[in-house]
Every structure is written in C-alpha cells, then in structure tokens.
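Here chain A shows up in two complexes: once beside chain B, once beside chain C.
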Partner chain A sequence: MTGRHAAIAVAILAIAAAPWILATPYWRGILVLCAMNVLLALSLNLVMGYTGQLNLGQSAFFAIGAYVSTILIKSHGWNFWLAGLVAVLAAGVLGLALAAFAARLRGHYLAIASLGFAVITYQVLLNWEDVTQGVRGIYGILPPVPGTTGLFYLVAGIAAAVYLLLDNLVRSPVGDTLRAIREDEVSAASLGINRAAWKAFAFGLGAAIAGLAGIFYPGFVGTLVPDAFGIVESFTMMAMVIVGGMGTMIGPVIGAIVLTFLPEVLRGFGELRLLIYGLALTLVVLFMPGGIVQAWTALRARMRR
Partner chain B sequence: MPDLLALVVQQSVNGVYLGCLYVMVALGLTLIYGVLNQINFAHADFVTVGAFTAFFVATRFATRMLGLPDTGGYLLSLIAALGAGAVLGILVNAAVFAPLRRQGADELRPLIATIGVSVLLENGQLALFGPIPYQFDSPFARETIRLGPIFFSAQSVLVVAVSVASITALYVFMRFTFLGKALRAVAQDRETAGLMGINPNLVIALTIVIASALAGMGGALLGPVVVLTPFTGASLIVKAFAIVIIGGFGNMQGTIIAGLMVGVIEAFTVQYLGSGLIDLVVFALLLTMLVVRPTGLIAERKEENV
Partner chain C sequence: MIRATGLNKSFGGVRAVHAVSIDVPENSIFALIGPNGAGKSTLLNLLSGIYQPESGTLEFAGHNLIGLPAHRRVRLGLARTFQKIRLFKQLTLLENVLAGFHIHQDAPFWEHVFRGNTGRFRNEARELLAFVGLEDRAEERAGALPYGKQRMLEIARALATRPRLFMLDEPAAGLNGAEVEFLLKRLEEIQQRGVTLIVVEHNMDLVMNVAQRVFVMDHGEPLFEGSPREVQANPSVIEAYLGGEFAP
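Up next, the complex of A and B:
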C-alpha cells in the first residue's frame, strides 16, 4: 500500500503546485478546465470502460448539472451548494432514464439511443426559452469561490475525491460485477447478476459525476449557452477516455490532461482543438487500442528486458 | 381545392422531396450495416464533402473553366460529388474498416474510430472553408413549377428523379447482377460466402464505395437546398440514424419507407410546431421505436443487439 500512498501524496503535491507553476490567469483557467475534464472522463469511463456500455450521451448530463444549478441559483435565489446537490441528483435521475434504454439495448443500438438522448437534451435547452433562455444564454454567473486558483483547488479536490471513490469501487466486488457485465452480459446474468440494476447503477453514478462537473462550468465561464453541450462534447470526453486508456483508472485522467493541454501547447493550432481530438481518437483506436496506459506498459516491459 | 387540403398536399410533396434526400443518405448507412454489421459514423460527413465538391465544381470549375451552362455545370457537379464520395469510401475502408477487421476488433471499435474520422472531417473542412455558410445556387432551384395551388421547384423534381433512379439502379444491381448476388451472400453469411469463392474483402470494399458514393451525390443534391457549412452533414447524421433504426437496421425497404416517413413528418412539424422542434420530434419517434419495436418497421433477421 505504500506505493498507493506515495501516489496520493504526489497527486496532492501536483494539484497544490500546479497553479503556481502555471501562474498566469490564462493557464490557471486551463487548469480549471482540465480538472473539469478529468471529472467528465472519469464519469464516462465508469460506464464505457468498466461496464462496457458505449454511451454517446454523456454531454447531456454535463448540461443538466450546469443548467439545473444555474437556474436554481439565478431564478430562485438558491444557495450554490444546495442547488449543486439538486443538480447532481437531477443528472443522476436522468442517467437512470437512459439506463432504462440500456437495459434493453446493446452495442450499436445503445450508442444511437444515447446519442438521441444527447440531441433531445440539447434541443430542449435550445427551445425551452422560458426556462433556459435558449440561444440568448444566461449571463453574469458567479463562481462558488472567488478567484481562478480557488476554483481550481475546489474542482481538482473534488476530482481527486471522486477518483479515490471510483478507485475503491472498481476494486471492490461491485467492480467485478460491472466488469462481468462488460465481458459477457449473458454469462453475467447466468451467474445471478441483475444486469438491469447494475447498468442503472453505473449510468446513474456516471451521470451524477458528469452533472457534478457541470455545476462548476457556468461559474467558470460566466455564461451559459446550449452550444457548450452539443454532441461533440460527448465525443471529446470519449477521446479523453480512449486516448488515456479505457477501463483503467489512471488512463482517463492522463487522457483528460493530455488532450486539455496538447491543443494549448501546439499554439497556432488553438482553433484546431477538435481536429486534434478527432485525429487522436482515430489513430489511438487503430494503432493503440489500450491508449497511453497500454503504450506505457509495453514500453516498460521492453525496457526491463 | 380547399385550403386545408392544398396545405396537406403541399406539405406532403415537400416531405417526399426531403425524404428522398434522407433516403439517399440513410441507404448507404443501412447498406454498410447489412453487409458489414458496422456503422460508419462519418457517413454524413461524406455528404458534406460531396456538397462542397459539387459547389466548387459547379460554381468554379464547370462554368468558369469549361464554360458550361449553369445546368450542365450542376449536372457535372453531381457526378463529381459521386466520385468524391467513392474516393472517401475507398479511403475509410482502407484506413479504418479493413485494418480493424484484420485485427478482429469488436463491433464498437470501428464505430469509435469513425467518430474520430467524423470530427476530423468536420473540423478539417471548417479550417478550409470557414464557418460562414456558402450560397450554393442550383439553376434548378430557381425554377418554380406550379400545379394548381401546389408549388415546387425544379430542384425537387431533380432530387426525386435522381433518388428514384439511384435506388432503382441499386435494386437492379443487387437483384440481377453477379456482384449484387455476391454482396447479398456476404451479408447473409460472410464465412460461407467466402467458402463459395467470393472474396468478402472485395465485396465489403465495394459496398462501402457504393454507399459513400450515394452519400456524396446526396450532398450535391442537398447543397443548394440547405445552409451549406462544414456541419451540414453533422446535422443530418442524427436523422439518418433515426431513419435507419426506424426502418430496421440493414433493411433497405424499411429504410426507404422510414426515410419518406421522416421527411413527411418533418414537413408537417415545420408547418404546425415550428422548425426548431424537428430533431426533437424525430428523436422522440426514434426512442419510442427503440422501446416498442427495436427491430424496426421490417424485422429482417434475428438481431443480437437488442
């Protein structure tokens, strides 16, 4: 366990030091974005990596977290934390709704149903103008804590806590159950695993975590428009999970960090962020299906020889 | 004719015309699924590439460099878009589908890889052509034909004619030629077809090329009637998936019926509910269909995914 404790210590140090190494307001903003992306990648990985359900609708839950919390705060005068709690629960409940489809559908059909889910959510945000303001957007949203550095510590701290929670979860018998469903649903069912219930658990928890990332997004950007939650956001989350290494705990974290910073480092390509994501996604699936984690393991094995 | 009846006929005409465009796109998806059991997520982006190819051929190359008249230029651009689609089909097969098949990858890896291709194509075109919509004038879109109280453009007649011709050609090919028979054999059972001396890899490549060529030409037909941006296809893909699922994945007749149905539903949605709600209505229909009858309108064979 010492290795694990050392890793936790290194992670805490890295989070504490990051805003002082990247000390300009711009880079601190990127750090906040990175912490949010880590949360999103972790949430999708639970469903896609561990439970084996191709879910293209994760952007919907991110959107629900953002919109429900913001509307409760702005229109009803709620306190941030209470509104955030309700928003996370709302995203989780919506995740259960998608799980109802997942209980009946698999593979390509589930992928398209979940895509439809994201499209419908986006269209509702766009058209239900009385509540969401539609394309006009909601403006002047304040972050829960003042200052970019404070927001980074908050979101990164939450991301680290979620990581530890999920890490314990996937190493528990629950993790074995989810992996059993991923490997072979029929065999899992024959062992007495209630497929529908466990899929609902994974979708619900994954959706709640994406919603949790969502509650911090509006305060960070200051405005809220439906276009921030198009289906392409689901694809960027998927790119992070797959580039890092699907079905491992550390992979999506690495993927989120790499894909957040890569477009920034390749200055001049800043506008081409999604181009890089698309290319990375295709190349990794074709040549390195286990992502960076797999490449790293292979490299280490070769070095030892 | 009473006003209401005229309105219903008018919207049905619009719907059938839209539906024909959708069928051109969705048919390729269903064709690939039928033979390969795979989804090409970038399929609708081939439509965009076809539309841009047609735009540049019609407005720059044919009329200015070859000195063709407008109508000739546009018809030539249809062929060019067909070719562009076919080339993309060859590329995506060689780069994604064939290597992943050799690796024996599971069914979701090609889907994820083509999502990457889709994002790449959209943003590559965004970098090349910019976000500002292109005005693609088809000479046929300017001509309006009037039948009593019903109006439609010559473009819509062309769209329906080209779609019907393509679908007929595809049907004749599948039904009466040796290659078409081989294609159906591979769709039914790839291994057994291989044992009968059919080269499945060749047939699969051919299927993808035909499907992509249809998508490219669909783009040339669609370009003048929609807002042409790098994301034109992306807005279409969700509808194409809905059509394919409603019709029954891999089933061509089902796809044609569902395509026309979605076109008509869309026309009436615009009339009575507003154009903002189209995707909502179509997708609500899709999700309902998935719950009530996941095999689609016409269930072809035993489905392992549901």
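Up next, the complex of A and C:
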C-alpha cells in the first residue's frame, strides 16, 4: 500500500510542477492536450486492454462529449458542469447501446461496427448544420476555468481521479470478469459470465470517459469543427494504448504522454516529422509488442541478473 | 437430476447427436463413452448450453433448459470443463479461480470502484487450488503450467461456481498414471460433497472405477446404457469399439 501512496504523491507533484517546468503558453497548451489524451487512452484501454474488444470508434464518443456539452451551453444557455454531465451520460448511453446492438459480434465485426459508428457520427456532425454548424464550426467557446494552467490542473486532476477509480475497478472482481472475457469468451460463459452484458458495460464506461475528455476540448481550442474528430483520432488513441502497454494501468498513460510530446519534439524536422513519427510507431509494434511497460519490465529483469 | 429426451443436433447435415435421451440420477457419477466422433462432446455442449438442440427436451432439477444460454445455466448449478483446455492463459492460477466466483459476487458496484479488491473469495480460491494440488503455484501464469496441471486448474475454476452438476470432458486426456490416480480420488471426493458428475472419458480404467452408470454412444446415437460391468460384457459395445470381427 505504501508503494501506491508513494506513486500517488509523485503523480501529484508531477502534475503540480509540469506547468512551471514547461512554462510557455504554447507548452502549457500541449500539457492540456496531454491530460485529455491520458483520459482518452485510459478509456480505450478499458475496452481494448482489459476486455479484449477491438474498438475503432472511440473518436466518436470524444466528439459526442464535445458537441453535446457545447451545444447545450451555447444554444440553450446551460451551465458547463450540468451540460458536461449530460454529455458524458449521452456518450456512455450511446456506447452501451452500440455494444448491446453489436453483442453477437466478436473480434473484427465489433471493430467494424465501431468504425461504422465513428464514420456515421462524423457525417452527422458535418451535415446536421442546423445543430452542429457543420464545417463552419462553433466559435467563441469559453473554457470552464480561466487560463491554460487552470484548465490543465482541472483536466489532469480529473484524469488522475479516473485513473485511481479504474485502477480499483480492474483489481476488483469486476476486473477478473473483464479479463476472463478477454482471455476466452466461451470459458467465461461457462463460469456464468454474461459476456454480452459485460462487454456493453466496458464499452459504455469507456465511451463515457472519452466523452468526459470531450467536454474540455472545445473550451480549450475555443472553436469546434468536425475535423477534430476524424477516424484518424481513433487510431491515434489506439497507438497510445499499444505503445504504452495494453492491459496495464500505467502503460496507456505513458503512451499518451509520449505520443503527445513526440510530434512536438519532432517539429524541428519539418516535413520529415510525420515520417519519423510513423517509423517510431512501427518499430515499437514490431519490437516491443507489449509496449513500453513490457520493455521496461524486461530491461529491469535483465539488469537484476 | 438432469433429464433429456430425444435430443437432436446436426452440423451441415451431419447428425452429431440423434435421438439421445438420458436421465442422470442425483449424486451419481455418470460416464459418457464411445468411439471418436460418437457425439459425446456435442451432447455435453447441448447440456451446458454452448449449443441449442434442434429438437428434444432438456430439464435440470425442475428447470427447463431449452433456450437458456450457457451463462444462465451456471446460475442453476451447472459447471463444466473442456476437452481442449480453455484456461485464461495470461492470468495467474489464483485469478483463474477467482473469475469462477463471478456468480457469487454480490458487492454493490460502488464498492468495486471505491475500495478495489475486497478479497472476499481469496481464501476459498486458495482452498480450491489446494484441493487440486496447486496451492504452491497460485501466482504463476496459467499458461505456464504443464498440461496435466492445467486440467486440474480447470476443475478448480469450475468448482468455484459451486455446481450441483459438474460435467467433465475427457478430464484424464494427457494425464500420466499418477495424475489419473489423483484425478480419480478428487472426482470421488467431489461426489461425496453431493455433486452429480457427468464424465466424458476414453480412459476405461477410470470409467470402470468411478462410474455408477455408463452411457455408450456411437455415430451420434445411443448404443447402450448400464452399469460398468454390463457395458464391458455387451457385444454391441465391443463391436463399436473394436470392429465386427472381435465380437463374440
């Protein structure tokens, strides 16, 4: 237990110090993005890493969080937190419904259903102009707290709280149940596990957490356009989970931090930036299939010898 | 305990199980034997709910099982193991058994989120591991166990559901002599605790030693049913196993 407390203390210190180490407005903005990406990676890891369900549509739930909250605030004059709560619930319920609808699908089929859902969501954002303003976008969106540093503390604090609750959840009997489904669905059913219901649960909870990240995005950028929620965003989230280490709690956090900062560090390379980014991703998947966490564990074991 | 009449199941026109009726007495060990492809595993899959029959009736302790999915049957007291071992390979032995307590978890959801592992079934899970002789390896990965031990772990995991009817699909396959001996004792002990057992098995020594009733299948159809002694003396059983020319 002391190990856990020490880790929490280190995390609090790191969050507190980060905006003063990276003290320019630009880097503080990257920190906010990083905290959002941590939330997104955590949300996807619950579905992919712990429940073993390939989900290619997580960007849609991020979008639903962003659009539902913004529309409630801008068009209906709602308070941020009430609008945020409704947006998170909306994302969660849609995730639950999608997984329940796709309950009989496994592996690639659920992945394709989730991909289809993301494509449809994107098209709705683009074409339902009366509500979403389409490509014209929604402008002048204010963050829930003033200042980039304040927003970082808020989002990072929420990400840390979500991390702790999910960490409890995956170590509880619910975690045993989800991992059982990941390992072998037929076996899980033979132990009385209702796999369709638990997959829907994981999908819905993951969607709600992605929606939670989404409610902070519009206020941070100030504008909201559908292009921020393209399919490629789903793949970026997946890359964070895989690079960090799928099915571990800390892995996706590390993956989110690395893949948020890597493109920024590579900015000096100009056009070569995306090439290096892609190459680094490919190398990780090829040579460290368990991600950074597994590579680290293996390295430590080798040093002890 | 479990009663089936006229069960039928075919795959692409091949009749895997045809007109099978069984009535398993409570607290007995009921063996299901037959040559390869006789339909024994298919019958077990029908009983446990992995497959649904095309026709026939199926009742367990007064409950109609037809249409009931596998996971709901577990709550009535049915448990099983698999011919091709299906453990949670990346999880530890302890985690495998803990997952078996799923239907007995009754803590409210918030407790899982705010308190994490409550450890309610840990002692019981360790007792089950001890029962199958694996208490020393609780923290090892299930996939790293030798084959024979994997079979025993699957038994411990299924017992965690606290079954009234326990179905084992070839539990002795791949086991060495000492392991078969150990398995035999364990099966008898499970029976003594009031559990009814259905055992699909090729190992005749095991069948003849532990079973009270033996049900013989061939080509998806029932061939003979009786005590182990009657089965051993039955000409049609001998013919099915050894071919016509050996029959008396």
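Convention: the second predicted complex is superposed on the first by the 290 of 305 C-alpha atoms of A that agree within 3 Å, B and C clash if a C-alpha of one lies under 4 Å from a C-alpha of the other, contacts with A are read in each partner's own complex, and residues count from 1 in each chain.
Note that in this section a residue touches a chain if its C-beta (ideal position, glycine included) is under 8 Å from a C-beta of that chain, and two chains touch if they have at least 3 such contacts.
Source: prediction; values computed, not measured.
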Check your understanding: With the two structures laid over each other on chain A, which partner does A:V232 touch: chain B (first), chain C (second), both, or neither?
Key -> first
Check your understanding: Looking at the overlay, does A:V253 come into contact with chain B only (first), chain C only (second), both, or neither?
Key -> neither
Exercise for review: Considering only touches as defined above, state whether A:T177 meets chain B (first), chain C (second), both or neither.
Suggested key: second
Exercise for review: For A:C34, decide between first (touching chain B), second (touching chain C), both and neither.
Suggested key: neither
Point to revise | First (chain B), second (chain C), both or neither touched by A:N168 | key: second
Exercise for review: Name the contact category of A:Y109: first (chain B only), second (chain C only), both, or neither.
Suggested key: first
Practice item. Could you let me know whether more residues of chain A are touched by chain B or by chain C? Key: B
Check your understanding: Just chain B (first), just chain C (second), both, or neither: which does A:A90 touch?
Key -> neither
Review point. A:A189 contacts which: chain B (first), chain C (second), both, neither?
Key: second
Review point. Should A:L46 be classified as contacting the first partner (chain B), the second (chain C), both, or neither?
Key: neither
**Study point:** Contact footprint of chain A on chain B as seen in their complex
**Key:** 33, 39, 95-96, 99-100, 105, 107-109, 111-124, 127, 238, 241-242, 245, 249, 276-277, 279-280, 283-284, 286-287, 290-291, 294, 304-306
Review point. What does chain C use to touch chain A in their complex?
Key: 48-50, 69-72, 74-75, 79-80, 82, 86-91, 95, 98-103, 105, 107, 109, 111-118, 120-121, 157-158, 160-161
Exercise for review: Write out the stretch or stretches of chain A touching chain C in their complex.
Suggested key: 165, 167-169, 171-174, 176-177, 179-180, 183-184, 186-195
Exercise for review: Mind listing the chain A positions that touch chain B in their complex?
Suggested key: 54, 56, 101, 104-113, 115-117, 119-120, 123-124, 126-127, 231-232, 235, 238-239, 242, 271-272, 274-275, 277-283, 285-286, 289
